[in-house]
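The structure under discussion is supplied below as structure tokens; questions concerning it will follow.
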Amino acid sequence: MSSSTPNLRAENREQRTDHPTNILPAAVLTVSDSCAKGENTDLSGPAVVDVLTRHKFSVMTTKIVPDDTLAISNAIVLLTDEARLVVTTGGTGIAQRDVTPEATRMVCTRIVEGIAEHMRAEGMKKTPLAALSRGICGVREKSLVLNVPGSPKGAVESLEAVIDLLAHALQLLAGNTRHN
Amino acid sequence: MSSSTPNLRAENREQRTDHPTNILPAAVLTVSDSCAKGENTDLSGPAVVDVLTRHKFSVMTTKIVPDDTLAISNAIVLLTDEARLVVTTGGTGIAQRDVTPEATRMVCTRIVEGIAEHMRAEGMKKTPLAALSRGICGVREKSLVLNVPGSPKGAVESLEAVIDLLAHALQLLAGNTRHN
Amino acid sequence: MSSSTPNLRAENREQRTDHPTNILPAAVLTVSDSCAKGENTDLSGPAVVDVLTRHKFSVMTTKIVPDDTLAISNAIVLLTDEARLVVTTGGTGIAQRDVTPEATRMVCTRIVEGIAEHMRAEGMKKTPLAALSRGICGVREKSLVLNVPGSPKGAVESLEAVIDLLAHALQLLAGNTRHN
């Protein structure tokens, strides 16, 4: 209780989110029962990291959780603590265990419908099945959470369709100038 | 009470949902005060049946209910018990008694926003008024529920815009392979 | 207490909503902390009034409130009492104090998703940032509420993209013929 650990940890966390103006801290959350069990190798997570890095995001943390609402929402809460953008991959479909959008909604205060609409509209130029993706984009405190599909190709294409929008949205979230 | 009727009925229901691989059981629910009272002939229901049949769905049941939230949601619950796809026609507008989307939402565990978006986007190529249709597509257990407008033309065009997507979505719902 | 004021006021209100067939009563609600404090001049409100007037709406009331959920929803309730269309401008973004869509949702019984989708789709033809606008269109009793962005340009373009749809929707809301 008399230890200075809490302060040190707080300072550490501050340092971790400290970053040059153009580099935004991001995190990638892979949602997959089979990857969480180690039965499959996570290919989508690294593919998402790659896209983020090429767009001036700095990926600080990657994490794998099973398709479980509570596991997903808890992970999002922790990751948004340090990252301004959390990209989840997987669990956006319509099968019974696809619950990523629901878990995201639970911990976001507002939803940016237009980003999901735009991901689907762009996706449908390549495959009509993009209409079945239920991924959303939500705001939690000063961070954005984006759900992209679980396939590496779907994940990369969805993210690339909106990443410039996300960068701009994060500026608005950080700035807050219009209303003060 | 000692009768075997319950078992027989259960068996019958099983038989009714039994179907060849490519033929999926469907149901059509007409939502209309005037058709339910017998004041108007239901033209949209048969038009929807026709589209489904041409797309390898087997329509097992058709039903007419008034524009009443509880009547609609109860009918959807019963129909999804035996049909993999339930198409409702009517009650998707913005008038006071247009409550089909609300009734559908009540009994579905997840909404596939992209299907509604696609119906409207396709509809707007023909008439801007398609933007006013509030129909949704929801998942209930292993079944899909789709709301299309009440006019025969609007119902047919909306359904045709997404029927291939629905067939694919039903495969995903039945399969569940990705997560096991 | 024995005064006839309540009756007089009710009569007055009736008169105010009385209007020729083609002229629909509208109201404009500017949502802005700085305009409410008098620190900035409201430019968007008058720009919205101008578009409405050119489209045969008669703007009966304009009002300015801060970016406060309760202030916004209370104003919408009062304004829909007399106006068939209430257009709000401001508070549709993703900053912390952008709460107009949430306030609108609180007092509307149904949402017309297609109108918001269409505003964003049209807006994105000019700027990709239109995807970040979270404005919605809702129904309250026989009135419509539309959220447009806070910039005069964004407000005018968004409103013009859907104003013909709104006029048609209001006819449907007033008529109610299909279901009686």
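In order of appearance the chains are A, B and C, and numbering begins at 1 in each one.
The rule is short, and it goes like this: a residue touches a chain if its C-beta (ideal position, glycine included) is under 8 Å from a C-beta of that chain, and two chains touch if they have at least 3 such contacts.
Note that this is a predicted model, so its numbers are computed, not measured.
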| item | value |
| --- | --- |
| Angle, in degrees to the nearest 5, of the Cα rotation that carries chain A onto chain C | 120 |
| Same vs different contact residues, chain B with chain C, by half of numbers used | different |
| Distance between the centres, which are taken as Cα means, of chain C and chain B, whole angstrom | 34 |
| Overlap residues in chain C, where contacts from two or more other chains coincide | 117, 121 |
| Interfacial residue positions of chain B with respect to chain A in the complex | 110-115, 117-118, 121, 139, 162, 164-165, 168-169, 172-173, 175-176, 178-180 |
| Chain C residues touching chain A - in the complex, by the definition given at the top | 32-34, 67, 93-98, 101-102, 116-117, 120-121, 124, 128-134, 150 |
